[in-house]
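Below are two complexes that have chain A in common, paired first with chain B and then with chain C.
What follows is the complex of A and B.
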């Protein structure tokens, strides 16, 4: 299935085997049933970063199962004031 | 004031008003003549339907009755740094009657690029004292209480006592988590804001809500992307202004607040993302 990926605030795809390596926006083919946590692994985003994830503009937890044509956004923590 | 003084004050204000606008000089003269604070005169004027002339450009947006609602509000600003400086400035000019400014720190040189209250002459001074002086200079009818203290779960209930709205101007996750939880437990509206580099975010937690999921898993994390990108001058101004607009709406019960949604502001690409969340937040099973 195809996902629309949007990585925010400096997040980039860290997987050199993907065509979107180093990019923050891309369309990506992933296996059916992929969860947000698995997508993070596919994109090789540092697991130490605590992300806020959204699917079609709704906040979802990491075990959320993604569907075809979902728009997935990932946000790193912002803590300054 | 006895009844005669109250009547005399009201007569004086009516005589000095220009239409329904009360000039600043008349407000100050009334305070001196009747031995009242500027705040007491302002409240009486607003109760009479007289608008202190300093708010005349508010009036197409905020009625005189709503100006009285703002005057009778107590807003607690947690943090007097990047966000806090703009929060305090805008809340004082808006006409919020009581401001409590909380911060444990003094101004340092690395604050000068963005913190509105900072200046070379203020280096080494307590941020809350500079904030209080600024409020008194900008709008002397505002009652300002500086509290040089760190917000924690232990100090929180006393610091937030009587608050109409609390503003998040904190700069670290552990304190922010405690602030969100304390406001949730005390059922006080909280307007959350945070910044880092070109990016910022704003959300509101109203009584009955719980936005702690927005900072879930960050207990052991001191800083976010701001550790990498720093904080330029414009990001706190943008995010703090959104927070003050949100607080104004919460106090007046107007418009659509950021309840159950978060705005993520991306000034690098000039885009805003809206992230909606359920009343019962999404958490991993």
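What follows is the complex of A and C.
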């Protein structure tokens, strides 16, 4: 299935085997049933970073199962105001 | 901080200074001092621009010490914009210098009989007040440049621009940063108009010959401060995100969450918001020779600000904050950072609140004065404000006035103060704060975004009503207390997540004053402040019916979540029922 990936605030795809390596925006093919936790592994995002993930404008937890054409936004801890 | 200076601007024969002991306000600072004093001494039904109103400048409880992050200055009065009590605070150097000079507060009272414009010089020898009509109709940047020639660079300046002189309801009070730029503003509620009404154009603070305020228990204070700084550096928000990208790092996350008010609150996402993001802004600042990391006062370890240069590498403005980038950006359908930066400079220079002005321009766009997305048009409208034309005066009096003058129905205000950069339909918790805070719509009063969106200090679903009243209540109490310490509110990200950092803050307060300070004491202080503010507002005629959002938030669902504001009135009425 295909996902629309958006990485923010300095996050980048860290997997050199992916075409989006080093990028923060990409469309990516992943296996059916991929969870957010598995996606961050696929993207090789530093596991030490506590991620905030949004799927189609909703916050979701790491075990959330993604679906075809989902838009996934990932953020490191951020704040402001 | 053992003294209070009262300056009667309306005294016969000219302004008169009276010094007094700090008395019943001993141990208080910042918002606690301004609000308790205003609630006690100002008639709640007075005209905010009249002689009965008072304008209080108060450094925080820890300002002027060696403690990190202690540079917030509170300004309090009855607000000409909202009619409520008002506390508006800013960074910059003023709080540290005023505290070192020994003042718990300087209070401007009365009203001058003439049109003369005054400047107030405060140093170790006392307070001198003089007429200086050569300062008339100077905006903040040229005003500070002129004052520097007389008073030099080793001082802090508190000033108003032309908006304050004209007593416009969006007028701010500027405090200079370490480089003496008038970039840190007590923005909200028209406090600059009150300073203008008092006939005071500038306050010059010179702490030469003064020392830092000494703690009662110096070693304990030093140790607590060290742990506090370690906590701020360790937390990813205060130690990494804010220094790297500034507050505008929020643009993408609010847009992604569908809570980014766009085209005057018509939709919750802006298609080209990425062009306005903190990431894009930081990259541009660095590329042009500015910086994305800068502190607004000495002793700041978060460094959330920056320097924004123009295309030729010349200073244009300080790093526009998230709220500013939103109000002048997405809210108005503008996706150009250079335009936002120009407007930010104009706001600081004229001396107006960036939130109020951006929201007002969006309302003016809804009225058809200019089109959404019209960059040059937005700048022209700001020029009208700067010139003080009839249109400029209308706009400079904020969104509520502009909406009434032009017959606009969608006017995003509570108690006539413009909503900040988070849609309450997509983020219910912040709507509770907007509706109920004593200040009129104000995100900082109870920043539910932290827990609704950023998942700091817990996790409350932004799209549901459950837990929002308790969240807003607790945040409003905590904020009232933090606003009293002189601490920058951004410390909240670390102290909400890290108990040891909160304990370090308690230990700083305890060691400085030689007392034992507990979390319960902080809660009690926050409640005391809020109770005084609520009491003032009640006597000023505000009822629970004023603690509501404009009706369109209840009747117009917003994309992408297609939700309205769902909090029941009875729930809102429970916020202060503790």
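Before moving on, here are some points about what is shown:
Here is the rule we go by: the second predicted complex is superposed on the first by the 78 of 81 C-alpha atoms of A that agree within 3 Å, B and C clash if a C-alpha of one lies under 4 Å from a C-alpha of the other, contacts with A are read in each partner's own complex, and residues count from 1 in each chain.
To be clear about the criterion, contacts are C-beta pairs under 8 Å (C-beta built on N, C-alpha and C of every residue); 3 or more make two chains touch, one makes a residue touch a chain.
From a predicted model like this one, the values you see are computed outputs, not experimental measurements.
When both complexes are superposed on chain A, chain B and chain C end up clashing with one another.
After overlaying the two complexes on the shared chain, residue contacts for A:76 are found with chain B and with chain C alike. After overlaying the two complexes on the shared chain, residue contacts for A:54 are found with chain B and with chain C alike. Touch criterion met: A:63 reaches chain B, while chain C stays clear of it.
Of the two partner chains placed around the shared chain by superposition, chain B and chain C are both touched by A:10. Once the two structures sit on top of each other via chain A, chain B runs into chain C at 453-461, and not at any other stretch of 219-227, 327-335 or 453-461. Contacts of chain A with chain B, set against its contacts with chain C after fitting on chain A, overlap at residues 6, 8-10, 50, 52, 54, 57-59, 73, 75-81.
Chain A contributes residues 6, 8-10, 49-50, 52, 54, 57-59, 73, 75-81 to its touches with chain C in the complex. Across the complex, chain B is touched by residues 6, 8-10, 50, 52, 54, 57-64, 73, 75-81 of chain A.
Of all residues in chain B, those touching chain A in their complex are 79, 81-84, 168-173, 176, 193-201, 213-218, 221-226, 228-229, 231, 236, 262, 264, 266, 273-278, 281-285. Partner chain A is touched in their complex by these residues of chain C: 235-238, 240-242, 244-250, 252-253, 256-258, 269, 277-279, 304, 321-323, 443-444, 447, 449-450, 453-456, 459, 461-463, 489-490, 493, 560-561.
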